[in-house]
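In what follows, subunit A forms one complex with subunit B and a second complex with subunit C.
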Partner chain A sequence: MSAKFLPCGVYHEDYKHDHAFWQTKFVKGKMILLFLLTFVFIPMSAGSYWLSVCNQIGYTVLCALGVQLLIGYTGLITLGHAAFVAVGAYTSTLLVLQFHWPQFFLDWGLAYPFSIIVAGLTAGLWSVLFGLPSAKVKGFYLILTTMAAQFITVDFILTQYVSQIGGRGQAFSLPPGTIKIGPWIIDDEVKVYYLMAVLVTLMVFALANLVRSRPGRAWIAIRDNDISAEVMGINIVWYKLLAFFVAGFMAGIAGAFWVSNTAALSPEHFTWSWSLWLVGVILIGGVGSVDGIIFGSIFMVLVMELLQMATIYLGDFFPQLMMKFLYVKESAFGLAICAFLIYEPRGLSYRWWQIKNYFNLWPFSY
Partner chain B sequence: MTEGDVLLELDDVHMYFGRVAALAGVSLEVKKGEIHSVIGPNGAGKTVMMNCINGLYHPQRGRIFFKGEDITRLKPYARAKLGIARTFQKVEVFGGMTVLDNIRLGRHIHLKSGILSGAIYLGKTAREEIEHREFIEEEIIDLLEIEHIRNKPVGMLPYGLQKRVELGRALALEPELLILDEPLAGLNLEEVEDMARFILDINEEERWKVTCLLVEHDMGVVMDLSDHVFVLNFGLKVVDGTPGEVQNNPEVIKAYLGEEDIYATRK
Partner chain C sequence: MPQESKMPALPEITKDLTIPKLFYRIAQKYGRDKVAMREKEFGIWRPITWHDYLENVKYLTLGMVRLGLRKGDKVAMIGDNRPEGLWAEMAALCAGGVAVWLFQDCLVDEIQYIIDHSDTRFLFGEGQEEVDKSISIFDGCPKLERVIWDDPKGMRNYDQDYLMSLKELQRLGRELDKKEPGLFEEMINKGRGDDIALLFYTSGTTGRPKGALLSHWNMLTMGKNLMSLDPCFETDDFVSYLPFAWIGEQMMSVSCGLQVGFTINFPEEPETAQENIREIGPHVMFAPPRLYEQMTRTVQVKYLDSTWIKKKIYELAKSIGYHVADLKFQKKPIPWYWKCLRWLAYISMQKKLKDHLGLSRIRYAYTGGAAMGPDHFRFFHAMGVNLKQIYGQTEIAGISVVHRDGDIKFDTVGTPIPGTEVKITEDGEIISRSDSVFQGYYKNPEATAKTLKDGWLYSGDRGFIDEDNHLVVFDRSKDVMTLSDGRPFSPQYLETRLKFSPYIKDAWVIGDKRDYVTAVMCIDYSVVGKWADENKLSYTSYPELSQKPEVYDLVEKQIRNANKDLPEVARVRKFVNLYKEFDADDDVLTRTSKLRRAFVEKRYGEIVDALYLDSNVVHIDTTITYEDGRKSHIKTDLHIQEVRD
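For the complex of A and B:
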């Protein structure tokens, strides 16, 4: 998908221009509009229900970034990513709840932002731990080791031990006012939305920049041909672990963000099916593409919301549907993936790329 | 290091797979600045020898020296950093990346960006990318005449061009020793002539002066290009000498054509 077509009449005259993210004035205009849409229009106009849908989408994007990095860019298939999200969420929560912060730190609202970064680092290191087998095993075998991450982390360590810290029982809840960034207490949908939008923007930029610079190229090389990657001077084990670290870091940030949205935490938020779901998101969005993550997340969350609305509406006529919504959701997920694998195996982002090229080359498409 | 010094030395290298001796005590000296060819019938152990030199295999016995340094135990990426690059018999390009990205990847050991500066991109990484882009465009893409395909994914290119991209990627490393494992296999006549020209350019041009270790079956090209030819058969050295000496060596003729009297009985 990397071959790009410039619009008719646009030529690059230096390398700087060719390396730019947004290469024409038109694209820059589109991006400014997108920023205005995200940061001004949506939070101003959307009601709290749709904002919560947006937050759900943002959370899915943040989680799926790491999955895309591992599966789409480095070729390391992971089915345990929810574990690293959980590590991030628990690290952040425990830091906010249990740690004795100096009073000025709390007054200035630094505890939660600080905990987001620590959550990222902890989840990154935890992820490296489960990435270690990737030095030796590939493909199917690696899937099993990442699944081990899920079961060891969430079902064993978090449920059995970490959840008991502080004697609150299974679920943690964060009292109002604890999640505070600077002067703002994150307590309603709009503030959560802004936090989400900032984090998603930063993380998406970081990933997009990484894959077009030295570390990202090394990852893609490992995906495409690990033997010649090593011959070209890439320390494969180091770069695989680095991929696990960055993916874990992003998952940790996602987890720490999620805490602000729910203000409560329990191991049930991070099931194995959530890991699987994230893989589905990138399959539908497009493996090996950054915009694929966003398209996939929007698609999956919106389809589920629409399904839910439809079920509630139809529930008036068929009461048994309400009981079975969970299964409807799961089958819709399966059906969507099957349909995409058959009809659009390169995902939504490929379709988007085709549409863009069509207009770039119009009216001389040959 | 000046021309004529020994750049690469194999000292009594043994490589066994189970009880099959792929290399049974091979010694080789490659001098700086020359094109040294390795020939031999199929299954003679040529590719195994190349894999030992760049570290994909570790020989059970014997030692390998590069620029006087013992590299027998080094991993392939560490050898790449010392200046050993290679191309493969079956092209091993990064199919999902564009031609430009493949060659950029060859610059890996010369780039410095890490995770943090890569994620921020602005400033250090952007400068570095542009600097190396200039090198790639002016030195490599220009030399190999692949301007027209620079933004195409390599996986979709024809075989001959893929081989050329692979050579470009190896050159981007600015190697001192370039291992070319059958660079001409599967190419048509015109492409063979181009490729032979590129190999000579890389070897002779003041800018590059790369020592080449060439594995090839096309005898015409081998005899034309090489300063020295090393003949390998059943994991053993048959002869190592100038093309003229090798061509007239009875052992070599035997290795390639078999015993004369066998042919006599068949007639």
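For the complex of A and C:
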């Protein structure tokens, strides 16, 4: 099931082409369509509500990338990823709001783009700090240390200390015009959408390429069997910490992006349930698959939105829905997840693979 | 019909032109810009440009010259299809030598006979296996001087002084090149078209192999004549996986390949050939019927295991394909609505099916060497594959008769290619004359005199020319047999019909001068095995599986199907499942998988006798020899079953 299905007559004389992502005209055509859909069709035709849904999806993808890297590719279960997203968001915000930049730096709109990168690096290093126990502990114990990251970072450091910087109280808000890249001021949904689309494209490419590089193969080896990996000569501590750094870096970018969408920031955005949610995204999308992140994010966000719409619509007829059964939406969602785990345990990406395979093997079954 | 403008510019074949001259010219022309051959290695198709090809051949040639190879000396090659094998052949030809190819799976005494009979001085083997064989025959072949290998795996501890690696030989060649630059070109220029190029040991359905001598002129005119009908192009891909010791492979890779300069692709291993063909998607292929039969069987088995909706679409598309193919065979115009349906069948099924079989880009698929049943023929044409029967023999450098595009008749082999005359003698023997007729058998003037009379090649095959000027060939021994009451039937036709069933790998139909027709069947182990698994039958081996009553019933059903629209006389009445598959190592098949009737009859005489007695069981007590020389004793009872109507 792993080998790529190539049509007859497609062959390669070197490894560069053999490892290319898109090897046939058909796939290239599909990718051009996807590109047009993402960068032209959706922003042109979607209203601001659907754009905001798309932005939500994009944010989920950016956050879940690191979770997929840790859980799906390196086998390090993390339940504290929201912490690193938060570190990114706060780093970016503080750099934009509090740092005393030379005036030209602000005029040229360099503060925000610069802060995105610094946010990534800070979150990455912060993640490595909490990844250190992974050198020693595995499994449930590692889950506990990542949860510790969540509580120490968000509930303690950010809420008690960082939020107090500048004396604004609990929340930061970013005045209009502070978030700009060069002359491009990001102040409406479409612009946020474009920023999201570019970041998601870059990050997905980065992850997809990383996991097929030397570190990627090392991570997969560690996931499959860490003792064998070490015997094969892989420095597992180094590669585990590298995984934490990259995952944290991606989370930091996600956090820095999120600031542009909300223009406000408070610790409630980064609760433990968001960490848990991200694990749900990759479970539903498919563990150990880059497509899975995207499928999972789209599914989770859309199902939530549809349930919301259904509740509002039904609320006209059954007013109790809004009053007494306030959690019907969440219950329905929980049910959906349970059904998913029972009937589609290998995730949406596996289902996608099966659908493609059904037609690739046509008119046979194997 | 190919248009004139689409024809590639073929080199003019003169008596002065040789294969090395052509090779040198084309290698100079393409140099580093074009890939001459590819070999699949470590997952990729490693390219070898014409420049690399020339360099390798050059130093091999000079290396052999340095070791004392003289004009006319024989150089033998054995091993899987791989670039080094073709380099060695080309190097032998460049030095004015004669190339002799051996089948990879030849047994040791066959190798010894051929090496000794051909006076071979140098033997190119692939690796350890071939080297081991050569060591065991070395003392029996006094004229053999050197054994050269190219695959170093397992070769570390061999210290025989006549062994040498290909690299070492090329190093010697490089030294000679420094001393005498221009020697290589000089040697190539010395060649003449009438020089002997290849010495081919024909597998033969009877007796010891005979060595047919073919000149450069023979090989090149053959290729040119074939391609004047079915042109190949320099952009074509060809997959070389059938033994070079078979004339068909030489004809495609050398006779045709060098003239147009297409790319030859070598599979990773013989076992992966089918998969590798699918990757490459060749434009031309030439294979014995067995390979096409195998493809048909694969498709049928996969179809049986498919899901309902896929099955239905497959059936629908197939019946459309059959209808259109039948119209074409009858040379009737295809109405527009059938064209539309054919297009639907193409996009919904045939396109994918061809893709699975690696036939997406195929322009000509040839089959030859043995008869192929009409069922298989229709099957491939219904899929839209231009499958054509050809007829020829080693003695005419490949082929002499082929189906024209759009003029296919299952029971014929087509019409002669340009430059070839085919006649039938008064006794019904097929004789042919062309520039490609061979120079005689090596050290066998009697056989030569029997085969070659006034420039006519006497094939030993019987046949006739039908009303459309198509040649019809009977089986080498006897195509039409007669029952004891004088009624005729065709065993080969019956066998090909039986083999259309996916469960049956081989069939041998008996009945000459007997009261009724019977058959010995070899089941297909993997397909019947799978069927047995699904039907919860337990078995441990081929002999056991073949004797299960349920399997007998299954085979009987297949026979009944084949019997269905046959005249009463030609129906198979009784059959027996053999305890093993037919194999070339038992001498019952030729290396190109033709049934050798005389040998099977001798070998399985007791079964034949039992089929015509009233008993329903035959006791077998025999020894079988495996390819590696192991012997095992078999004691078993074979059940004989009647075919009920």
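Basically, the second predicted complex is superposed on the first by the 346 of 366 C-alpha atoms of A that agree within 3 Å, B and C clash if a C-alpha of one lies under 4 Å from a C-alpha of the other, contacts with A are read in each partner's own complex, and residues count from 1 in each chain.
Note that a residue touches a chain if its C-beta (ideal position, glycine included) is under 8 Å from a C-beta of that chain, and two chains touch if they have at least 3 such contacts.
Owing to the predicted nature of the structure, the values given are computational and were not obtained by experimental measurement.
Greater residue coverage of subunit A by touch, when subunit B is weighed against subunit C, goes to B. Contact with subunit C, but none with subunit B, is seen for A:C8 once the two complexes are overlaid on the shared chain.
Touch criterion not met for A:S331: it reaches neither subunit B nor subunit C. Of the two partner chains, subunit B is the only one touched by A:I234; subunit C is not. Under the contact criterion defined above, the residues of subunit A that touch both subunit B in one complex and subunit C in the other are 15, 18. The part of subunit A that touches subunit C in the complex is made up of residues 6-15, 18, 362-366. Of all the residues in subunit A, the ones that touch subunit B in their complex are 2-4, 15-16, 18-19, 205-207, 209-210, 212-218, 220-221, 223-225, 227-236, 242, 245-246, 288.
The touching residues of subunit C, when paired with subunit A in their complex, are 35, 38, 43-47, 278-281, 302-303, 305-307, 310-311, 313-314, 317, 349, 352-356, 358-361.
Within the complex formed with subunit A, the residues of subunit B that make contact are 54, 56, 75-77, 80-81, 85-86, 88, 92-98, 101, 104-106, 108-109, 111-115, 117-121, 125-126, 129-130, 133-134, 137, 151-153, 169-170, 173.
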